[in-house]
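Structures are listed in the sections that come next.
Note that subunit A is present in both complexes that follow, paired respectively with subunit B and with subunit C.
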Partner chain A sequence: MTVFTAAGTRARSGPPLSRAARKGYLRYLAPGALGFVIVVLVPFVMNIAISFTDWSGIGAPSFAGLDNYRRLVGDEMFWSAFANSIWFIVAMAIVPTALGLVLAAGLFDYLEPRFGQRVSSALRAGFYLPQVLPVAVAGIVWGWILTPYGALNTVLQKLGVTDPPNWLGDTAWAMPSVMLVLIWIQLGYGLVIFMAGMARIDPQFHEAAELDGASWLTRFRHITIPQMQPEIFVVLLTTTIAALKVFGPVFVLTKGGPGNATNVPSYYSYSNFFGTLQVGYGAAIATALTVVVIALTAAFIKIQSRAEGA
Partner chain B sequence: MVMRSRLRGAFALAAAVTLALSACGSGGDEAGGDGKTFTVWWYEDAGNPQDKAWADALKDFQAAHPAVKVKFERKVWQQIQDAGAMILNSNDVPDLLEYNKGNATAGAVAAKGLLTDLTAEATKRGWDKTAGAAMTVGTYDTKGLMGPGKVYGIPSYGEYVSFSYNKDMFAKYGVGVPATMDELVAAFEKFKSQGITPLAESAGDYPAQHLLWGLTVAKADRNWLNGYFGLKAPLDTSAASPLTQAAQTLADWTAKGYLDKKSTGLKAEDAWDLFRTGKAPITYNGTWMVGDFKEKIKSFQWGQFLMPGSGINAGSGGNIWVVPTKAGGKDLAYDFINLTMDAKRQDLMANAGGVALAAKPDAVSDPTGKQVNETFAKLASTDGLGLYGDWPVPNFYQVFFSNTQTLVGGSQTPAKFMEQLKTPYDQVQSTVG
Partner chain C sequence: MTITTEADVTATVTRPRPAAGGAAAASRHRRGPARWIVLALLTLAALATLFPFAMAAINAIKTVDDYTAHGPLALPHSFDLSAITTFWQEVDYTNKLLNSILISGSVAVLGTAISVLNAYAIGIGRIRARRSVLLLLLLATTIPQEALIYPLYYMAKAVDLYDTRLVVIIISAVMSSAFGTYLLASVLTAFPPEILEAARIDGAGRWQVLRHVVIPVIRPTLAVLMTFFFIWTWNDFFLPLVMLVANDNQTASVALGSLQGQYTSSPTSLAAASLMGILPAVAFFLIFQRTLTRGAVAGAVK
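Presenting the complex of A and B:
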């Protein structure tokens, strides 16, 4: 996100600052830089260093060269965890962004003018609520709802479904179930940002189009979506990164199971760190994950700046 | 493998600090520094037999050491399983804590020098005599393998896993208590024919792997077990291996509907609930659930029977007291261990329905307590404690758990199950064995 602001500032032209003035600003960066060094940089460098060792987390690590990375390349579990990440991107980035955009437009263009701002604010808060709830709490409650004899299946049975699915315990159903919970969690995030963005769009665009007889759908396609591009980029980028790093919901709901049906790189790294005490290997997984996230971010930003430049 | 952390565990964790049993008798005593504060952790559920006995010990401890500030924190089993090594390796260790027994847990940290050698203290204070055969769970060699070596942990209770059954339902359907595997299967069939799923299980949590291990040791002899835990050879995945046979039996039982395939989505607490509410007539549970059943089951009579077979059952000495190498108040820790091993606490534990190591038979008046203590004493004296399958290799718990889950779910064959276990087992076996 910081990178975005930087890119944005560059686009907005102003008189360049003198060298002395720039230096004067530097001191304001110090607290942030210090925090970054302590919280991000040092652990990250340590993690990279550990990934080249064979270490149980206790005692002295022994240097292992590229062994961990060699093992990583051939590790089926690791690759299946990454493949699962694609489903998490669908559930945490793509669906919530698309659905969030439609819902935001619905709230902003339709509900707010007819039912007033209070109704739309209440609904917006409702959609955002899952973002506020701690995932440990929400996950446990979802776990109760989704157990074979839980609330959902009881309702389904009352409706005449004789053999409702074993949502989190069946290899075929576990991933869709977890995805559903994640969509529920993520929806509000994009929605809130999109509604704020829609308030920014000059109403004249919509009024002019409406006078020309454009339907809501046409206006949504040709005005809202193009105007919302910066917000869409930000939401997609941040949620995709969140999807790649996802840990909490998996830990609470399925612990990567059944089998490895919902395993993800973060959880796999964690189980190597704390379960098998193969800390070096866990660190290698974490490093690989970070590289992927950074590469993806760079690609996103490049695409965005190209789109903005066009 | 014995896991007490259930769904409630998460809440217990949050409530741990507030629940802390601050036995500060002398309120004005603001002592600090080494030797003046005694910090002890355990993860027994509040009110279970161990917790009752140890809380009582803590009261007496405070009375005997009025100048010492006692700090107790309740943890959860999973917490120690996941982060125990990191905690012991940090500078912020308690003086005494309950630790998970097994090569992969206590053994691993003992081998790294993170636990105090208690051999001399155990002999001096007679803990070895009180614990008897159960002492195995606290004894590790230099590689961290359970067996002849030094004493790093002191068990103060025992445990075993057995079937619990609903006596009323057995009587209603004319089913006798099974003494052989055939009779057990016949009992399952009888209930099945009445449209009842006989066995309450949870494969989304630890109970199913206990059942798998129970079936394994029922086919095993001591020689096979010694080889398995001592990592003497690569894992035998042939059809004759007790473990393969157990996997096959579990798969068959699921296919025949003796246990619900949907138990892959059930937590331990869900399975216990099926039994407690009389929906399923049988379950396979550890003695750590006995206190809970005793307290909560009011609508029917229940009893227990062991897995028919070799006479070996899943079970062992309980989880162990360990004293971190970095602990400040080691003598205080020894004093407290001593209290948990004394006659008063052992009898108290047994009368609360727990499995004590050395309760005096005539001091146990509670019928449930009497039964479990007699059974445990018999298992211990006949070499019938088969430990738990996940002990030989680090993270075998997770491997056992997830593969039992898919085995019960039917998405994995017994052969594939064995293959999944073999890879990590052989990897460690080749370096240690």
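Presenting the complex of A and C:
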């Protein structure tokens, strides 16, 4: 959240520093700038350069022009990976935002006035806990539950289901299973931000509406949601970007499989880099992903600033 | 990753809504049965969220026989730590935890140090082009790691830093400092100019002002930032996965992430591994919340 609001640097009162005085501060930027150049700038440019070559990572890369990008356009694996990203956006951004709003309003506007802050905070912590797990740990917890002979199927068999599905290994079930895990992980993020945002809404809005006999649902629709626009925006933006970049859960749960069922661009580029050693092609995928992420961020911010201006 | 922690700051920093009108507010909310139904539903939903944690915990301490006889849902009829000890020894978990602590701790310190220096130049030094610098950092945080990883991997190999904890520390510290600079720059831009002015009149140089005036005042924020960096690095998966191949260098996160698919023979050992991954995270969660609250309170007192 801070990320997008902090940019509007406030004007500081007091005498402005002279040009010479400002210059003296430049040296404090040196370590950071050096690190940035080595760790971000140079690799970023190198990656783009590599994407125009044919290279296995060993020996000299040979220039290949736009070959990798031509291949990208016709590569079904690449497009299906991007199509899968849409499912990841649903599971990481859309469902958690919608569900998080309802839950946050339920906790903050309904339960808290009736049962106290302790109850709502405890429940919030419960929903939030999956967020603090390292993704690898979330992966093995769920992997253990979802494997063919894992906890879920053992229970299903006891209940009389003779042939329960291989949740992560079946083409039809892998994506829904991974999506479920991601919703579980992401729910707490939106919830916590929304609950904090709801504390910002002037309670008089709700009081006045209640006196007019507005139901909880009406207040949710006409007060909470409009008032929560900035939070909804931030949550949708950050989670959509996170969904486009998602790697850890895919690696740990399915490695993109079965077949190509849960493959995503980031995992696809990783497997080109370190699996099939098609480094040039992997770099092209990563570059394409970067363009999509940056374009989307720019679009989001533009839409938001237009909405604010209106 | 960024996600988690920003959420918490917001949550902790924002003051809770004051209990509106006390008794009047209480009477306004009808005391019908509906509220109990809502409470029950939301509690049930929260318990469902916690269910996987409970599953890992109850099955990690069962014997395999107990698991087979009573199934994963039953509370343990036996108490057996052998799944946990086996996991611990096979993975050499002590070593993995120490690596994670070393790497995350170093990133917390180094990343915060870089952030402070950057933010000092931007927020207080008001250097020219500070807006462009901030925009560049913002862009850097949106770049997918995949777009940097191969050159980083190649460069690390070229300078003989591949498969060292140092390279992970350096890369993570610089990447975290993009966010840290952003956060601290906005804090320092709002730093009271009178204090700086007074220090300058007393003859303090730039370094002394930073060391003896600025840092003491923003210490609570720095503690929060360090906590963020520590936990992000602890949870990070991609970079250590690529950079650390030797068993001795791996972090807990990567070691656990590579377990999936192995170990399928014994149903309780994966539960044990899960539990061992969950415990530090939950511990951080508890400590973390307190640090943030303290940070917020300290900031309010100032």
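The definition used in the following text is that the second predicted complex is superposed on the first by the 272 of 310 C-alpha atoms of A that agree within 3 Å, B and C clash if a C-alpha of one lies under 4 Å from a C-alpha of the other, contacts with A are read in each partner's own complex, and residues count from 1 in each chain.
What we mean here is this: contacts are C-beta pairs under 8 Å (C-beta built on N, C-alpha and C of every residue); 3 or more make two chains touch, one makes a residue touch a chain.
What you see is a predicted model, and the numbers here were worked out from it, not measured in a lab.
The larger set of touched subunit A residues comes from C, when the choice is between subunit B and subunit C. Once the two complexes are overlaid on the shared chain, A:P258 sits against subunit B while remaining clear of subunit C.
Legend: residue contacts after superposition of the two complexes on their common chain; A:A136 is shown touching both subunit B and subunit C.
In the superposition on chain A, A:G160 contacts neither subunit B nor subunit C. With both structures placed on the common chain, the touch criterion links A:G57 to subunit B and to subunit C. Residue contacts after overlaying the shared chain place A:T171 against subunit B, while subunit C stays out of touching range.
With both structures placed on the common chain, the touch criterion links A:S271 to subunit B but leaves subunit C unconnected. Once chain A of one complex is fitted onto chain A of the other, the partner contacts of A:G74 are absent, as it touches neither subunit B nor subunit C. In the superposition on chain A, A:K245 makes contact with subunit C only, not with subunit B.
Looking at the shared chain after the overlay, A:Y149 reaches both subunit B and subunit C. Shared contact residues of subunit A with subunit B and subunit C: 57, 136, 140, 143-144, 147, 149, 274.
Residues 2-4, 6-11, 13-17, 20, 25-26, 28-29, 35, 38-39, 42-43, 45-47, 49-50, 52-53, 55-56, 59, 71-73, 113-115, 117-118, 120-122, 124-128, 130-131, 133-155, 170-171, 173-175, 177-179, 181-183, 185-186, 189-191, 193-194, 196-197, 206, 210, 231, 234-238, 241-242, 252-254, 256-257, 259-261, 264, 267, 270-271, 273-274, 277-278, 281-282, 284-285, 288 of subunit C are the ones touching subunit A in the complex.
Considering their complex, residues 7, 10, 82-83, 85-86, 88-89, 108-109, 112-114, 203-204, 260-267, 270, 394-395, 397-398, 401-403, 405-406, 409, 411-412, 424 of subunit B touch subunit A. If you check the complex, the residues on subunit A that touch subunit B are 56-59, 136, 140, 143-144, 146-149, 166-171, 255-260, 271, 274-277. Against subunit C, the residues of subunit A that register as touching in their complex are 1-3, 5-7, 9-10, 12-14, 16-17, 21-26, 28-29, 31-32, 35-36, 38-40, 42-44, 46-47, 50, 57, 103, 106-107, 110-111, 113-115, 117, 119, 123, 126-127, 129-137, 139-145, 147, 149-151, 154-155, 158, 184, 187-189, 192-193, 195-200, 203, 207, 210, 238-239, 241-242, 244-245, 247-248, 251-253, 265-266, 269-270, 273-274, 279, 282-283, 285-287, 289-290, 293-294, 297.
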